[in-house]
Amino acid sequence: MHAHNPYLPELATVKEVIQETHNIRTLRIVLDDEEKMRRFVFRPGQVGQLSVFGVGESTFVINSPPSCKEYLQFSVMRAGEVTQRIHQLSAGDPIGVRAPLGNGFCFEELKGKDILFVGGGIGMAPLRTLLLHMIDHRADYGDIMIIYGARSPQDLCYRYEFDKWREGKVDLVLTVDSEFPGWKGRVGFVPTVLTEEAPSPHNRVAIVCGPPIMIKFVLFNLKELGFQSDQILTTLEKRMKCGIGICGRCNIGTNYVCVDGPVFSVAQLQGMVPEL
Amino acid sequence: MDQSAASGALVDSIRIIGFLCNWCSYGGADTAGVCRFKQPTDLRVVRVPCTGRVDPLFVAKPLIYGADGVLVSGCHPKDCHYAVGNLYARRRLEVLKNFLSFMGIDQRRFRYTWVSASEGQRWQQVVSEFSETIHAVGPNPLARK
Amino acid sequence: MVIGWGTGYDPLHVTPVFLRGLEDVSRLIWNPLCVQNLTGYLVKGALTPPLEEGKKIGICVRGCDSRSLVALIQEKLLSRESLHIFGIPCRGTLDVRRLMNESGLSQIRSVTIQGDHLVVQNDEEAHRFPLERFLARRCLRCRHPNPVIYDELVYQPITPRTAPEDAYRDVEAMEARSLQERHLFWSSELDRCIRCYACRNACPLCICQDRCIAETREPRWLTQRVNLPEKFLYHFIHALHLAGRCTECGECERVCPMEIPVTLIKEKLNQITRDLLHYEAGLDPEALPPLLTYNPNEAGI
Amino acid sequence: MSRAIFIPRDGLHPVLDRLSAEMDVWVPVASGPQKCGGEFVRYVPGTVPVLERQSTTPPKRILLPQVESLLSYAYVKDPEDASRVKINLQAEIAAKPTVVFGARPCDVRGFLLFDRVFTGGPFQDEYYRKRRENTFFATLVCRQWDAACFCSSVGSGPADMEGSDLRLTPLEDGFLVEAINRRAHPILKLMGGEQPTKTQLEAAENLQKETTEEQVGTGDLTHSGDDFRGRFEDLEYWRSMVSQCISCGVCTFVCPTCYCFSITDEMQGLEGERLRSWDSCMFYQYTLEASGHNPRPSKFERYRNRIGHKFSFIPAKYAGMIGCCGCGRCIRSCPVSIDIRKVVENLKENACACS
């Protein structure tokens, strides 16, 4: 971020583009200012505003681990005008970035706890950064379980690094919505698989991210399993413009998702006005 | 199209946008080019599938933003490739033509006409006449805003 | 449900009311301060909860409003059967802004209509004004004071104040000016536009509402800039989309906070459709608006 | 002790001429020869200020223009590698010394909120801050209010000078101008004017006192946050209060405290600008997400957010400050005469929900 003007993006260059699924691409970008790239620090869960100059800005979570100093990684699902154009970028193209923004996960408070990640589709992106951070500091955390689902095997992001996650002593449960030839993982919706796996809520924090409908049922099932609302974290999305708590549109009551979020505990959400 | 007659000064000073229907007038302009009929060069052509596609706003926007003239040309009435597209267009464009000057835009800056694919000569005549008119009317004062 | 007018925040201001039961009926009023055209509510997604199947909706309309209904029925945006229309012959409504401004009154206690006069009582005394003096421009040129479509007529029909040949005298006055003067006029008027879109949203026939091309990025007809060309183009969009449809209810002009005479633009288009295509909008529910059709043997074009 | 000058009624022009030679001066004027309303414009010699009535639009755009360029960019070929494209990025933040002459207390009160939002952190909006630091408000002691005014109901009043630098007290034969703070002294000096007489000073003081005691608007809207939370999910309430709303943006655009904005990119050829422009929470597109989901899909949610923002969220965030200055513009300019006071007053439980 430019210290004197928070609206001014840092110039960056796309280093690599990874086609994750038919509508999700991962961009690895490098700040043009080498010094700034080296000094760039952020918390897992914090976001960045990517600029395609002439089209606009859009908000995405930084999903590389904080330990990675070579590039910043963003996974982008094609949806609107800006994401459409981001998908047309290739290595060497210029891009703008304003980051880090938002609150991020309080990973300090998660130390010593068992962790449950529940992700759906593109919702794995914000979880990935925290997961990789935890794998970097594996001894600080207890048991780590991931339940990750998508419509089909081809819709799972980061497939190429699942083995690496498992090497980090992570219990990775993959599920897809229906049977596919050659698919060896689970079949069924994420909330159902969650109930079947029934991870113990004892000393555990659940971190949930995915489409709204999935979140709704996952939260319900987590409660059934005995999770309390302060044991569940989730990340929210809203239409954003400024990203710095000024322009006014991403509020849920008093809270601005861009500066007070995107990470909220379910306990916090219950204290906010119901307007998601 | 024949660019040899281009006079730099004219090209710089006058800009005319032409919306030409794919089936007739675009062909007519092509015919004129193939026959090497001399034409003014201050026309920028936008090919449209049919004059029925020409929203009056296509005409209004360039004129508001400073184009010096807009020419719409399509198939002759009853000869539309899509049967009636130009009949709808005729009403809309005639209403627009009568409306422009009320808002302070010289209505001579807009013309719609019908030229078939074989009428290279007629195209030359239409475009020359319109260009002359626009040169007589002068540059669009809105362009300087 | 019945949509009508009720008392607003002070005696000069009237606000639309939505009557849901008999107990609400006492809120209904009618006087020359009832300025809003209510028919837009029927087509712009305002009716919540939605009407029960088979239930009619009642609506109060003046002559001009009834023409909006006809236009909406023509375009199949409303069905005649779903409506119960209370038609009100109207002698004209007031330009409240002008009344407040020219009379210099504030702290108004009450307003009454006595024959052709308006009596405004403020803290000190009662002021009497001829209604005629503060009639809205749209009402001064009214040719259809009587509803053209209704189920019940609330008062006796009245004689129109304007002959058809005088309908477009404001347009004609404008056309008496030179091209350059007209351009200067519209430049200075439209320059005040703040693009709040009140004119569009108050228009019963601007039915795209949340999908208006003035606000879409694709296609991008307009940017967020507020320079003169953008303002011109916005008003061209508004007016041209109403060509042959506008019923001249004058709402766009009434609601404009910047007092831009935007109805005048539509009046010109209506004069053109009348002279060229022999059509007047909002009179015949069976007719087809002229720009939605064609005539292979067009005369005069 | 405050320093003061007297400007006779016919001496306004020389004073404004002197000021405008040195800095930008904004004054309220009539919108046109046959118009009822007014607006703020940049003063040039000959401009006729209209100080006797509230303007239709507030002086908001002087500090927050309806549209401004945040930055400009150009795509250029990399001189070292012709196959690559680079971005040239430029952001210019500039502000001229400016005096707003003849605003009213309600007009200025909006900027107190802006100050908190734009410069109170966590991030600083430099575009706003720079203009704000260079702007001086010469504010009228207000003697004209109508049925839509309610500044006293939101904790302000017709003589409230918070946020202003100079006080203009209208007297029978002219204006008494007093510097309220030290930064205003150079402006006062620049104005020139006459030494006020003792009678003028006394008359001004009396008028200020009298005006301070005026109660403009009934009731107190400053403690509505809890009531709002209580009504949040009462959809029937919002239906009964704002079914008339036509979702236009008048109320937000004429509001001195509404500041929400959009940011959009515009390009021509290989160059373009990133624009900041006023937005309105009453528009459907305001919160529409790329997925098609809209957390505030209808006018009821949108109006509810407007009320919540002004009377619940802002007070909660900024130590009780109200996001409304009581100027009444949204009531006066509303095409369907929605009365925001009523909507807030009726939030109280058991209040009649009929409009």
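By letter and in written order, the chains are A, B, C and D; residue numbering begins at 1 in each of them.
Going forward, contacts are C-beta pairs under 8 Å (C-beta built on N, C-alpha and C of every residue); 3 or more make two chains touch, one makes a residue touch a chain.
Remember, it's a predicted structure, so these values are computed and weren't measured experimentally.
Q: On a CA-centroid basis, which chain has its centre farthest from chain D's?
A: B
Q: Go through B-C and A-D and name the pair with more C-beta contacts between its chains.
A: Most C-beta pairs in contact, of the two: A-D.
Q: So what's the Cα centroid distance for chain B and chain D, whole Å?
A: That pair's centroid distance is 47 Å.
Q: Report the inter-centroid distance (CA atoms only) between chain B and chain C in whole Å.
A: 36
Q: From the C-alpha centre of chain A to that of chain C, how far is it in Å?
A: Chain A and chain C have C-alpha centres separated by 51 Å.
Q: From the C-alpha centre of chain A to that of chain D, how far is it in Å?
A: 39
Q: Quick check: what residues of chain D touch more than one other chain, meaning two or more?
A: If we look for residues of chain D contacting two or more partner chains, we find 262, 264, 266.
Q: Which residues belonging to chain B are in contact with no fewer than two other chains?
A: Residues of chain B touching two or more partner chains: there are none.
Q: So which stretches of chain C touch two or more other chains?
A: If we look for residues of chain C contacting two or more partner chains, we find 217.
Q: Per the contact definition, I'd like the list of chain C residues that touch chain B in the complex.
A: Contacts found on chain C: 171, 174-175, 179-187, 221, 227-229, 232-233, 236-237, 239-240, 243-244, 265, 268-269, 272-273, 276-277, 290-291, 293-296, 298, 301.
Q: Help me check something: in the complex, which residues belonging to chain B touch chain C?
A: 56-57, 60-61, 64-66, 77-78, 84, 87-88, 90-92, 94-96, 98-99, 101-106, 141-142, 145
Q: Can you list the residues on chain D that touch chain A in the complex?
A: That would be residues 70-71, 73, 75, 83-87, 89, 91, 93, 117-118, 122-127, 229, 232-233, 259-267, 272, 274, 276, 279, 281, 286-291, 293, 295-296, 301, 305, 308-309, 312-313, 316-317 of chain D.
Q: Under the definition above, what is the set of chain C residues touching chain D in their complex?
A: These residues of chain C touch chain D: 6, 8-10, 12-18, 24, 27, 36, 40-41, 44-46, 48-49, 97-98, 100-102, 106-108, 188-189, 192, 194-198, 200-202, 209-210, 215, 217, 223-226, 251, 254-255, 257-259.
Q: Can you check the complex and tell me which residues of chain D touch chain C?
A: Touch residues, chain D against chain C: 31-32, 35-37, 39, 56-57, 66-67, 144-148, 239, 243-250, 252-254, 262, 264, 266, 275, 277, 280, 283-285, 298-300, 331, 333, 335-339, 341-342, 354-355.
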